[in-house]
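What follows are several structures.
There are two complexes below, and they share chain A, which is joined by chain B in the first and by chain C in the second.
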Partner chain A sequence: MVECGRHLNIEIHTLSEITDVAGSEGNYTVTVKQKPRYVDMDKCIACGSCAEKCPKKVDDAFNMGLGKRKAAYILYGQTVPLKYAIDESRCLFLQKGKCRACEKFCPTGAINFEDRETIKTIKAGALILSPGYTPFDPGQYDYTGYKRIPDVVTAMEYERMLSASGPSMGHLVRPSDNQEPMSVAWLQCVGSRSINRHDRSYCSSVCCMYAVKQCLVTADHLPPQASQTVFYMDIRSHGKDFDRYYEDAVEKGVRFIRERPHTIDPSPEGCGVSITWMDKDGGKRTEHFDLVVLSVGMEPSPDAEQLSKVARIGLNEWGFAKTDPFAPSQSTRPGICIGGSFSGPMAIPRAVTQASTAACKVAMELASAKGTLAREKTYPEERDVEDGEVRIGVFVCSCGINIAGVVDVNAVADYAKTLSGVVFVENNLFTCSTDTQVIIGDKVKELNLNRVVVAACTPRTHEPLFQETLKGSGLNGYLLEMANIRNQNSWVHKHSPEMATQKAKDQVRMAVAKVAKAVPLHSRSVPVTQKALVIGGGLSGMSAALGFAHMGYDTVLIEKSAQLGGNACFLDKTANGLTVRPALEQMIVDVENHERIAVMRQATLTEAKGSVGNFTGTIQTGKKTTTQVDFGVAVVATGGLETKPSEYMYGNDPAVFTHLEFDAFAAQKTNAVRKAECVAFIQCVGSRTKERPYCSRVCCGHTVKKAIELKEMDPDKQVYVLYRDIRTYGFNETWYHKARQLGVVFMQYDPAHKPEVSREGAKIVVLAKDHILQQRVAIYADYLVLAAAIEATGTSDLSKLFKFGVNEDGFVNEAHPKLRPVDMTVEGLFVAGLCHYPKPLDESIAQARAAVSRASVLLAKTEMKLNPITSYVTESCDGCALCVDVCPYNAISLVEFQGKAGLLKRIETDTALCKGCGVCSATCPKGGVQVHGFTMDQLMAQVNAVIKAS
Partner chain B sequence: MADIFGIHRNTVRNWIKKGVLPAKPTVGKKYLIDVTDFVRFFVDQGISESLVSEFVNNASTSVSKGAAKLISPSNRYGKGKNKILTTPNQKEMPMAVKQIGSVLIAGGGISGIQAALDLADSGYYVYLIEKNSGIGGAMAKLDKTFPTNDCAM
Partner chain C sequence: MDQPFEPVIVGFLCNWCAYAGGDLAGVSRIQYPPNMKAVRVMCSGMVHPELVVNALTGGADGALVMG
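And now, the complex of A and B:
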C-alpha cells in the first residue's frame, strides 16, 4: 500500500469517481469528478491536530459504525495517502457556518475551506474496474434478529471488534453490556444461497472460512471454557490448505452444527440471544448464546451499477460484472478489464490473482505503448566522500507535538552540536515535510555535508524519503542514519520527559557514531534475460505462453507429453455451459503459430541453474538430445491428474468410473447412458481423507453439471449424489439449485459411515444412510461415478531443481498465500494451474495470466538492481561453514580455492539471493562474513557510543 | 474491419459466403483475403479509396509479406474466434488507434492496488481512482487473515 503511494508511476486520486468513459480500446478519455477534501495534501503532515480539535463526533464507517471518529479524519492509522480529510456532510463549519477549529490549530495551514469539487479528464489506454463488494445488510430482514437484538452483530462488525485498532481496542466484549461473551455462535449463509426472502442465489465463497478464522481468533481472546458454535449448511473450505484449517478448528473444540436455526430471539436473561433449531432427529433445541455473529455474504458494490452504466459494460443477473471464462477479467467492452470481486464473490488470494490477470490483459493489449508515459527518476552524479573529512548534518524533528511534546528537542539539538564530526544541526517542525527536504538538500550542498542523521520516526516508513533527498543532492542514499526518537521514545515515555530527552540524546549519539563509519553503497545490477520459460503445455501453460508472447517476450513452452492441451482435452463444458473444445483448439493453433513461442514436446527440464533474471536450464527432448535455454523468469504449470480410486469397486467393475472416464464414456456410448435408469455419484473419493487432507475443489461442480445433463436427457432417470459437503461455491450454487429442482437426490454421508458398494446382477447397489429419513437405503444404479481426488504432477522433481517449496500434499507453495498468490518461494518463478491447487478452467487461465503479469514486472527491466544491503565475505573467513546452515535463503555456499598453503575453503555469498538479514554475520565467530550497512565496525561504534554515556 | 467501415460483421461474413469477396477460410474461422482482391472489392463497393488504403496500410504492417492477409469479419479481441491473425510480435488489432501508455484503475482496494503495482512496474503510467479519502478497501478492515493469521496490513 505504502509502495503504491510512493510509486513514481502511480497517481492516486482519492474522493474521486468516474462520470464518463469516452473513446475506444487503446484510447479512452475518462472524466473523473473529485470531491473537495478541504485539506491541502501538500501541506498536511498528518499530525492529527485537526481531528483532535474537531468538536464533531460521527459514526466511524471504517469500524462499521461501532466507534466514533471526528468530522476531520483519516480512515485508519496506516491510510495511504496519510493525509487528513474533512467530512463535508458532518463538518460544523461546512454545514452550519461555524467552528473552523481545525483551521486555527493546523500547524501548517493545510485546511482550505475554499476547496471545491473538480472535474478532470484523464487519457488512458485501458481501464481496470475494481470497485469491490459490499457486505450483505441483514438489517432489512427481521428473522436474523440484527438491529432488533443488540448482541447480534455482522461478521464485518465482529472483525472490527476483534481488531486491536477497532472500537474496543482488541478487547472482545458484547455490545449489550460490555461483558466478555462466554458463548459465541455464527450463523452461516446470511444473504447467500437463499432465494426465499431476497435474491442472493449464489454462494459468497468466503464466509465459511472467515467464520472458522473468527472462531480460532476468538479462542485466543477468551478464556478456555468459552465456546464457539457454527450453524451451517455445508462447510465450504475449498481453498488451498483451508480444509486443514477447518479440521484444526474441529479438533480445537469448535462445535459445527449442520442446521439452520429457525428462531432467533432476545434471551430471557436480558442480554444475549436465544436460538432455536431442529436437530437431526427432528427434535426442537433451544440454546442461549452470549453473542451471535451473522456470516453475511458478499453483494456487488453499491457503485457497481452506476459504474457499469458509465463504463457501458454488462453485468450478470446477480449484478456482478460479466466476464468470459476463456478470458477472465475481460468485460463486455474491449479495453475495459475487471479486477477483484467485481466479477463475483471471492476471497483475497483470488481477488489479488484476478487483479494481476486484469493487469496482464491490459499489458497484452497495450504492448505497443509500453514505456511511452512511464517516468524514471534521474539523480545528479554522486559526490565522492570516501577519503574526505566526516561532515555530519543532524536534523531533529519535532513532529508537531508528537516528539516535542515530550522530548526537549532544542536540548537534543544543542547536544548534537557537541558531537564529533557534526557540523550542522537544525530542529524542524516536521523533518519529513516537502519544504524541509529542500532545506536538507540545500544544506548538504552549501556546507558540503557528507553524512546525514535524521532524528525523527521509523526508517521503515521514512528512510526511503530521506534517501531520495540525499540522492537528489548528490549524496549516496546509504550515508543516512535515522534515530527513532518518536516510536521508540516520545510515544512510550510520555510520562518521563527528562529521561526521554536523555534517551533521545543517546539515540542521536549512537546514530552519529554509526553514520561516521558509513560508506556509500551501490546496487549491483545484473542483466535480465528477457525470455520466459513455461513448464507445462496445458491450458494454464499455454495461456501463460500466449501472455508473454503478446507482451513481446520470447517464450519457450515445454510439454512432457506429445500433445498440448493437458486436462482440458478431456473437458466438455465450462461451468457456465460453454464448450471447451473449440476454444482449446484455437489456443493450440495460436500457440503453435506464434513466432515468439517455441514449443518443445516430449521435453523435460533436467537441470536448472542461476537466479532471478538469469536462469539457465537444460531441456531433454527424446532420449539423448538436450538443449540449453536461458530465461529470466519461469512459470510452473505442470498441472495435475485425476487419481485412480482404490475403493467402491473401482477397477473391479466396468460400471464404476471416475469423472473424466464417465465423461468420455457418455460421449461415446450416448445410447447406453440415455437408457440407464439410475446413475449414482459418490463425492470426496480420495479427497478430504487422511492421505489427502484437502478438497479437490472442482468435483462438486463437475458432478452437479453432469447430474443436470443426465436429468435433462431423461427426467425419469434417477440421479443420486452422495456427498459430505456440497461445495458449489460462487455462481455454481445456482447449478446445485437447478439440479435439486430437476429432482437429483442429494444424500449426505458421514466419513465414518461411507457408502457400501456391491454388485447385484445388472445393477450396482450403493448402500447409504439417508440423512433425512435417518435410514439406510439401497440405490440400484446402472453406473457409479466417483469424484476422484486431484493430485499435482511433476512438482517434486522440479522442486529439487529449483529448490522451491512444495506443501505436504505436493502442491507448489506461493510466496505469500494472500498477497503474493502466484509468486513462488524462489524469486523469478511463478505458478499457475492445477499444480498450485485443483481449480476449474477459468481460474486456471486467470492464474496463468496473473503469473505472466507478475513475471513481466521482472522482464520489463533490462537490468535488475539488487539491494546493496547484503552480506560479503572478508579475509577472516576460514571456511568453517557455520553460516551455510543458518542462512534462510540458501545464499551461502562453500567453495574451494587454491591458496598459498594449498587447497583452502571459503564461503561465497550470492548477492542475488541474499536479503541482508544478518544471521550469517551473527553466527560467524571470526568476522568472516559481514553485512553492508551493518558492519561490525559500525555496530561496535554504536555500542561504544551507548556505553560511553553510562 | 466491420467496425472501420461501419457495417455489421455478419455483412462481411455474408459477402464471403456469397463469394462476392473472395476469401479462403482457415483454421479457427479466419479468412485469408488477397490484398488486390480486397482493394478491388471495396472500390467496387464505392468505399473511399483513402479509407481502404489506410486500412490496408495499417493491416499490412502486421502481415509479413503483404501478399496475402488474414482478416476476420470481426475485430473484437478476446472471443477466441474470429480474430485477426497477425504476425506474432504485433498486436492483435492491426487497425488500432494510437495507443496510450496509461491505465486508469477504478477502486483502490487490494485488487486495485495489486493491478496498479503490476502495471506501474512494467512500464505503464497508472491513475488510481478511489472514492474514499484513502486506499486499502475492505482488506484493511480485517483483523487477521487465515491460514497464517497474519495481520491484514
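And now, the complex of A and C:
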C-alpha cells in the first residue's frame, strides 16, 4: 500500500465514486464525484490529535462494529494515504453545528469545514474495476442465530477478535460474558451453496481455508484443552499447499464433522450456544459450544450494481462482473477490465493474480501510448563527501505532541549537541512537513552537513521522504539514519517519560554512531535485454507470448514437443461450457503469425546464465543444433500431466480410463458411450495421498461436467461419482447442483475404505460403502473413469538451471504465496499454468497474463537500477567459501585469480541476485564480506553506543 | 542500591518482521518497558555472533535477536 501511495505515476483519489464513463476504448472520460474529507491532506501529519479530542464515538467499521472509533478517524493504523478524515454523517459540528474540537486542537491547521464535494473528470485509455466483495450478512436469516444469540459471531468479526489490533487486543473472549471460550464451533457454507432462502448457489471458495486457519490460530490463543469443531459439507482445500494445511489441522485435533446442523439455540445456561444436528446413523445429537463462528460467504460488493450501470458492463446471474474464460479480466465493454474478486469469489493469490491480469490486458491495449504520461524525478549532482570531516545534522521531531508529549525533545536535542561529529541540532514541530524539508535542505547546504540524523518516526515509512530531501540538496540518500523515537519509543512508553527520554537519547547516540560511518551508496544500473523467453507452448505459454508481443517485446517461445497447445488440445469444453478447440486453434495461429514471436518446437533449454535483465540461454533443437538466446525475463510455463493410475484395474481393463482418455474415447465412440447403461467415476485417484498430499483441483469440475453430459445424452443412464470431498469451488458449484438435479448419484468414500473394482462379464463392478445407507453397494458399470492426479512437468530440470525453488510436490514456488503469486524465487523469472499448481484453463490464462504484467515492469526500461543494500567482498576474503553455501539467493560464487603468491581464490557477489540479507557477513569469520549500509563496523558502532550508556 | 535494577538489552530486529512489528506495537499503543535498544538489520541472519558477544561482554545484560 505504501508503495502504491508513494508511486510518482499513481494518483489516488479517496472518498471518490465514479458517476459516468463516457467515450470508448483508448479514450475514456471518467467523471468522479469526490466527497469532502474536511481535512487538508497536505497539512495533516496523522498525529491523531483530532481523533483524540473528538467527543463523538461511533461503531468502528474496521473492527466489524465490535469496537468504537471517533467521528474524526483513520480506518486503521496502516491506512494509505495516512491522513485523517471526518465522518460527515457523525460529526457533531457538521450535523448539529457545535463542537469544532478537532479544529481547535489540530496542530497544523489541517481541519477544513469549508471542504465541499467536488466533481472531477479523468481522461483514461482504459479502466480497471476492483470494487471487491462484501461478506454475506447472516442477520437477515433467523436460523443462523446471528444477532439473536450473543455468542454467535461472523468469521469476519472473529478475525478481528483474534487480532492483536482488534477490540480485545488479541485476547480471545466471547461477547456474552467476556470469558475465554473453551469450545468453539465453525459452521461452514453460511450464505454459500444454498438456494433455500437466499439465492447464493455458488461456493465462496475461501471459507473452508479461513475456517481451518482460524481453528489453528484459536488453538494458539487458548489452553490445550480448548476444542475446535468444524461443521461442513465438503472441505474445499483446493489451493496450493492447502490440503497439507487441512491435514495438519486434523492431526492437531481439530474436529471436522460432515453435517449441517439444523437447530442453533441459545444455551440454557444463558451463555454459549446449543447446536443440534443429525449424525451419520440418523441419530439426533446436541452439543454445547461456548462460541459459534459463522463462516460467511462472499457476495458482490454493494456498489457493484451501481458501478456496472455507470460503467455499462455486464454482470452475471449472481451479480459479479461477467468475464470471458479466454480473456479472464475482460469485462463486456472493451477497455474496461476487472481486477480481483469482482469477477467471482476467490482467495488472495488468485485475486492478486487477477489484478495483474487486468493490468496486462490494459498494457496490451495501450501499448502504443506506453510511457507517454510517465513521470520521473531528477536531482542535482551529488556532493563528494568521502574525504571531508564528518559533519552531522540532527533533526529531532516533536510530531506535535506525539513525541513531545512523552519525550523531553529539548533535552534530547541538547544531548545530541554533545555528540562527536554533530555540528547542528534542531527541534521541529513536524520534521516530515514540507517546510521542514526546505529547512533541512538549506541547513545541509549552508553548514556543509554531510550526514543527517532524523529522530522521529519509523524509517519503514519515512526514510524515503528524508532520502529524497537529502538527494534534493546534493547529498547521497544513504548518508541518512533515522532514530525511531515515536513508534518504538513515545507511543509505547507513555507512562515512563523519564526513561523514554533517556531511551531517545540512546537512540540518537546509536544513530549518530552509525551515520558517522556511512558512505554514499549508488544504485548500480544494468542494461536490460528487452526480450522475453517463454518456456512451454501450452495455453499458458502461448498466452504469455502473445501478451509480451502485443506490448511490443520480442519473445522466444520454446516448446518441447512438436506442436503447440499442450493439455488444452485434449480439453473439450471450459467450465462454463464453451468449446475449447476453436479458441485454441486461433491462439496457435496468432502465435505462429506474430512478427514478434519466434516459436521453437522440439526445443529444450539446456543452459541458463546471468541474472534479472540479462539472461543468456542455450536452446537445443534436434540432436546437435544449439542456439544462444539473450533475454531479460522468462516465464516458466512447462505445464503438467495427467498421471497414469496404479490402482482400480487401470491398465488391465480397457473399460477403465483416465479423464482425458475417456474424453477422447467418448468423442470417437459416441455410440458406444451413448448405449452404456452405467458410468462410474472415482475421484482423488493419486491425489490427496501420502505420495501426493495435494488436491489436483480440476478433477471435480471435470467429472461433474462429464457426468452432466452423460446424463443429458441419456437421462436413464446411471452415473455414479465416488468422491471424498466434492470441490467444485466458485461458480462451478452450480454444475454440481445441476448434476445432482439430473440424477447423478454422488457417494462419499473414506480413504481408509477405498472402492474395490473387479470385472464380472461385460461389467466392471465397483464395490463401495454408501454414506447414507451405511451399507456396501455394488455398481455395475460399463465404463469406469478415474480422476487421475496432475503432476508438474519439466520443473526439476529447469530448477537446476536457474536455481529456483520448487515445493515438495514438484510445483514451482512463488516469491510470496499470497502477495507475489506469479513472481518466482529468482528475480526476473515468472510462473504460469500447471507447473505452478493444477488449475483450470481460465486461471492458467489469467496467471500467464499476470506473469507478463509483472515481467513487463522489468522490460519497460532499457536500464534497471539495483538496490544498493547488497553484499560486497572486502580485502579480507581468503576464498574459504563458507558464505557460498549459506547464501539463500545463490548470489555468491568462488573465483580464482592470479595473485602475487600464485593462484588465489576469493568470492564474487552478484548484486543482481543479492537481497542484502547479510547471512554471508554473519557467517564469515574474517569480515571478508559485508553488506552496504549495514557493515559490521556500523552495527558494532551501534552496539557500542548502547553499552556506552550503561 | 538505591535504584531498582534496569537491564540493558541490545535488540537486533529484522527490518521485515520484528522491526515492522515494533512499529505496529507503536501504532497500536501497546506499552512495554523501555530497556531494549533496537539495532535495525536487514535480516536476523545478518547478526554476526561477534555483535552479540561484544554486546554481552561490553556490559549489556541481554541480547535479543528477533526475526
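By our rule, the second predicted complex is superposed on the first by the 926 of 950 C-alpha atoms of A that agree within 3 Å, B and C clash if a C-alpha of one lies under 4 Å from a C-alpha of the other, contacts with A are read in each partner's own complex, and residues count from 1 in each chain.
Assume a contact is a pair of C-beta atoms (placed from the backbone, for glycine too) under 8 Å apart; a residue touches a chain by one contact, two chains touch by 3 or more.
Note that the structure is predicted; figures quoted are calculated from it, not measured.
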Contacts of A:V943 with chain B and chain C, given as first, second, both or neither: second
Partner chain in contact with A:D506 - chain B first, chain C second, else both or neither: second
First, second, both or neither for A:K443, with chain B first and chain C second: neither
First (chain B), second (chain C), both or neither touched by A:R692: neither
First, second, both or neither for A:S496, with chain B first and chain C second: second
Touched partner set for A:V589, first chain B, second chain C, both or neither: first
Which partner reaches more residues of chain A (counting touched residues only), chain B or chain C: B
Touching both chain C and chain B, counted on chain A across the two superposed complexes: 78, 164
List of chain B residues in touch with chain A within their complex: 27-28, 76-81, 85, 87-89, 91-93, 96-150, 153
For the chain A and chain B complex, residues of the former touching the latter: 1, 3-5, 7-18, 24-28, 30, 32, 37, 62, 64, 73-76, 78-83, 85, 122-133, 156, 159-160, 162-164, 166, 209-210, 212-213, 216-217, 241-242, 244-245, 303, 307, 324, 326-327, 330, 334, 339-342, 348, 351-352, 354-356, 358-360, 362-363, 365-375, 549-550, 552, 582-583, 585-587, 589-590, 593-597, 817-819, 853-854, 856-857, 859-860
Touch list for chain A against partner chain C, complex: 77-78, 164-165, 169, 458-461, 484, 486-489, 491-496, 499-500, 502-503, 506-507, 510, 869, 916-919, 921-922, 931, 934, 936, 939-940, 942-944, 946-947, 949-950
In the complex, chain C residues that touch chain A: 6, 8, 10, 15, 19-20, 22-34, 37-43, 45-51, 54-55, 58-60
